[in-house]
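Think of it as A, B, C and D in the order they're written, each chain with its own count starting at 1.
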Amino acid sequence: MISANRKAKYRTYLDGTQSKPGKFFDWILVGLIAYSVVTLTIDTLPGNSPGLTRFLHISEVVITLIFTLEYAVRIYLAPNRWRYIFSFWGIIDLVAVAPFYIMLGFGIAGVDLRGVRAFRLLRILWLLKLARYSRTLARFRRAFELAREELLVYLLMTLILLFVSATGIYYFENPAQPEAFASIPHSLWWAIVTLTTVGYGDVYPITAGGRFFTFFVLMVGLGIVAVPTGLVSSALSQARREESDIRLAELEAEGKGDG
Amino acid sequence: MISANRKAKYRTYLDGTQSKPGKFFDWILVGLIAYSVVTLTIDTLPGNSPGLTRFLHISEVVITLIFTLEYAVRIYLAPNRWRYIFSFWGIIDLVAVAPFYIMLGFGIAGVDLRGVRAFRLLRILWLLKLARYSRTLARFRRAFELAREELLVYLLMTLILLFVSATGIYYFENPAQPEAFASIPHSLWWAIVTLTTVGYGDVYPITAGGRFFTFFVLMVGLGIVAVPTGLVSSALSQARREESDIRLAELEAEGKGDG
Amino acid sequence: MISANRKAKYRTYLDGTQSKPGKFFDWILVGLIAYSVVTLTIDTLPGNSPGLTRFLHISEVVITLIFTLEYAVRIYLAPNRWRYIFSFWGIIDLVAVAPFYIMLGFGIAGVDLRGVRAFRLLRILWLLKLARYSRTLARFRRAFELAREELLVYLLMTLILLFVSATGIYYFENPAQPEAFASIPHSLWWAIVTLTTVGYGDVYPITAGGRFFTFFVLMVGLGIVAVPTGLVSSALSQARREESDIRLAELEAEGKGDG
Amino acid sequence: MISANRKAKYRTYLDGTQSKPGKFFDWILVGLIAYSVVTLTIDTLPGNSPGLTRFLHISEVVITLIFTLEYAVRIYLAPNRWRYIFSFWGIIDLVAVAPFYIMLGFGIAGVDLRGVRAFRLLRILWLLKLARYSRTLARFRRAFELAREELLVYLLMTLILLFVSATGIYYFENPAQPEAFASIPHSLWWAIVTLTTVGYGDVYPITAGGRFFTFFVLMVGLGIVAVPTGLVSSALSQARREESDIRLAELEAEGKGDG
């Protein structure tokens, strides 16, 4: 059993952006995550040689074992273990390794391969672990937190707009294009593609009524699409201000300590 | 006949975000609205079993009756009945139930089914009733009110731009694509799809002149599409400031009352 | 010959947003412009009856004569005639009527019909006359003036980006799609459609290199498309501030006059 | 050997926005750059006559020689030569002429024509030299510098989002469309085209799961696409403020010198 002091010191090695071993450790983990995403991407390519596939799978096993070790060490070093396990980062760390062991279990139990392969794709969530290693990213997270309530209302407004648009276009286009606009759920796909201005071109109105309705919906929709821009950017500048206030307060506190 | 005091108390049950029965009642209405939109959506799916269709229609009747009751109670409890009936919310509440009774009337009179089915789609307007139940949504409405005049001018500018673009592309593309750009109304469809950057790909210029004109129109258009973003986000921050001013004034008034 | 005082009074009838006859006159002109745009639009529809076409053409002649009269009266009433003629509004007023007379001249000279028809489309420029009649529109014009220099630089940046993108995609895609990306001018069309996020789908990269290049260009491009949003909205708020400053100064001046 | 004073004077001729010969020289270089981009563009057109091609190539040689001379003079006049050579502008000036000489070398060595032709396209980078000649453009560069760290984090977030989206859509669509969504790299193309709202329409989901996932990804994605708008516009206004501060300080300094 090691002392609490020692644990605190080791913790700075894991998370630390100040200590040298901490930075070194960070870069290794970031490199492992990037490497694992690349292997996952290559693994899905059709026509890989059996040798390459074998190598990619061994890579996967090794990296998962490293992340399992990291997870175990983090639990061991945490001042409050359960709090870490149920914290945002604790869950991310678990989600990053769990699929492998569940897959292993299924593999032993003899479940069919296709489902197992899909499970392997969950490795992409390792990318979320990257969010721990950047100061500026923390500012983005703070900004999304600040604007959360308004973003939720914006999402609700968008949902209402999507349903009303889908119902309207269903009314206008269903008689003319009974396959593309077969029902409101089908029309919802049109509403999503149109209001986000993606416009694939797989479904579009051909009647005069439907086109006029599209114009009307887009005029309202562009006003609504403009909303998150304002929300996110004003929240971002608020987060930046908060940060500099905190840094100022720290500097002042240091100044008093010295004086 | 119940007293005015009692009425005021019951009103808090309907609208109240503070009183407990008010909150409970709100959640029931929100749930009913969500349920009815889901049933409407499912109802339009082709190939439903007769049993499901029957169940969906009974649901519709029950919910309409509940909303009719709500409408009647709101009229009864209103301090000024005619003012409520012609208020924004009064009209929304009426529009939510009226189609059912008009439909019923038509059904009894023996009008053909297709028109009746379209009428049923008006149930989607029940979604607008949701706007009553959110504080943040009220802020959005206030923001749109603040920017109303400028948004109208923006709409006018967009309309002018659309007509000028449609006339221009008609000049360039009509000789080369006499079907897709058959007239200015046909070209307007192109202008809408292009200037909103949806770009379905059903109509696009193929001549050098038409393509150069498209570039020119898009350069101007992107500047104009940028306008609502600024309008909505500045109006939104003004609405937020107003709100906090009101809350401050309330707190001060409370402070004086206590002191 | 009428006195300068009288002229000034009549001028308020033409432009005035305060005087009653001025407002009345404004609404008539706005109505005529709207009517003439509608007739132009209908006129391009294929399959109009000869009677309708005749009626539309007579409408056109009548409205042009009214606008010619308006132009003559404006010149007559202007304090400095040449200055009005070469002012922004003077040129717009001339451009609104000139095509008709040039067309008439060509018609008499016996030039072929197709060119004449295209000339008629210039009537759409009457829409620009609408810009005279709105206070808020004046604010938009002021905002565009304030941001003019930056918008020009933005346009230059966009042009550079378009040429660099077109050259890049030409390098990657020309060997694979020698028709769609036949030359840099052909590739410019792709660059315009892609960087404005319209994406018709008539040309798109199919090689891995071209797709990676598209990703790179879009990442840079989205940052640049974001520029006018900021420019226009900050200029718009500056224009609004200027206006309220002027109104404040006017109110103060009135206050001093009264006190 | 000329004196340092003289060199400084000549330098103002090259860069100067104040001195008359400096401005004259600037306009000539800007004109040459524009001319060379036009010749490059025309050169790629199929079906040019041999005479035109010959003329374009001679133009290219002449302009390259002029820019080589400019580069040599700039090195000669620089107060610190190596610092200029490795500065941003020094590298741009070199990149503008180097391809020609490398091409010449390859041509003499007898390398195949296709590679040489691609090299010639690098002339498009001459456009970057334009960035030296505008004050407002300097403000844009300053703004991008100010927001650099945040823009990098935004790029990282976009990359993570793209990979997660591609993996998700691969899971949903690969069984239904094994060719369009053959692997994660193939799906990345879909993610790029969709999240930037370009939407060519060459790949799009057709399963209910894939469409629902697209909706989810777009809701998150629009919030993220909104980020650079805020970043760039706030950085731009900061850059503008800095500039006016500097100008104010200069005016004050002048005032003191005079007083």
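Annotations
We take it that a contact is a pair of C-beta atoms (placed from the backbone, for glycine too) under 8 Å apart; a residue touches a chain by one contact, two chains touch by 3 or more.
Listed by chain with UniProt protein names: A, B, C, D = Voltage-gated potassium channel.
For clarity, every value in this text was computed on a predicted model and none was experimentally measured.
Looking at which of B-D and A-B shares more C-beta pairs in contact, the answer is the pair A-B. Both chain A and chain D derive from one sequence, and where they touch, under half of the residue numbers involved are common to the two copies.
The distance from the centre of chain B to the centre of chain D, with each centre set as the mean of the Cα atoms, comes to 43 Å. Centre-to-centre spacing of chain A and chain B amounts to 31 Å, using the average Cα coordinate of each chain. In chain A, the positions touching at least two other chains are 185, 197-201, 229, 231, 233-234. Of all residues in chain C, those touching chain A in their complex are 197-201, 229.
For chain B in complex with chain A, the touching residues are 37, 40-41, 44-46, 118, 121, 124-125, 127-128, 130, 134, 136-137, 139-140, 144, 151, 155, 158, 185, 189, 192-193, 196-202, 225, 228-229, 231-234, 236-237. On chain A, the positions that touch chain B within their shared complex are 149-150, 152-153, 156-157, 160, 163-164, 167, 170-171, 182-185, 188, 194, 197-201, 204, 208, 211, 214-215, 218-219, 222-223, 226-227, 229-231, 233-234.
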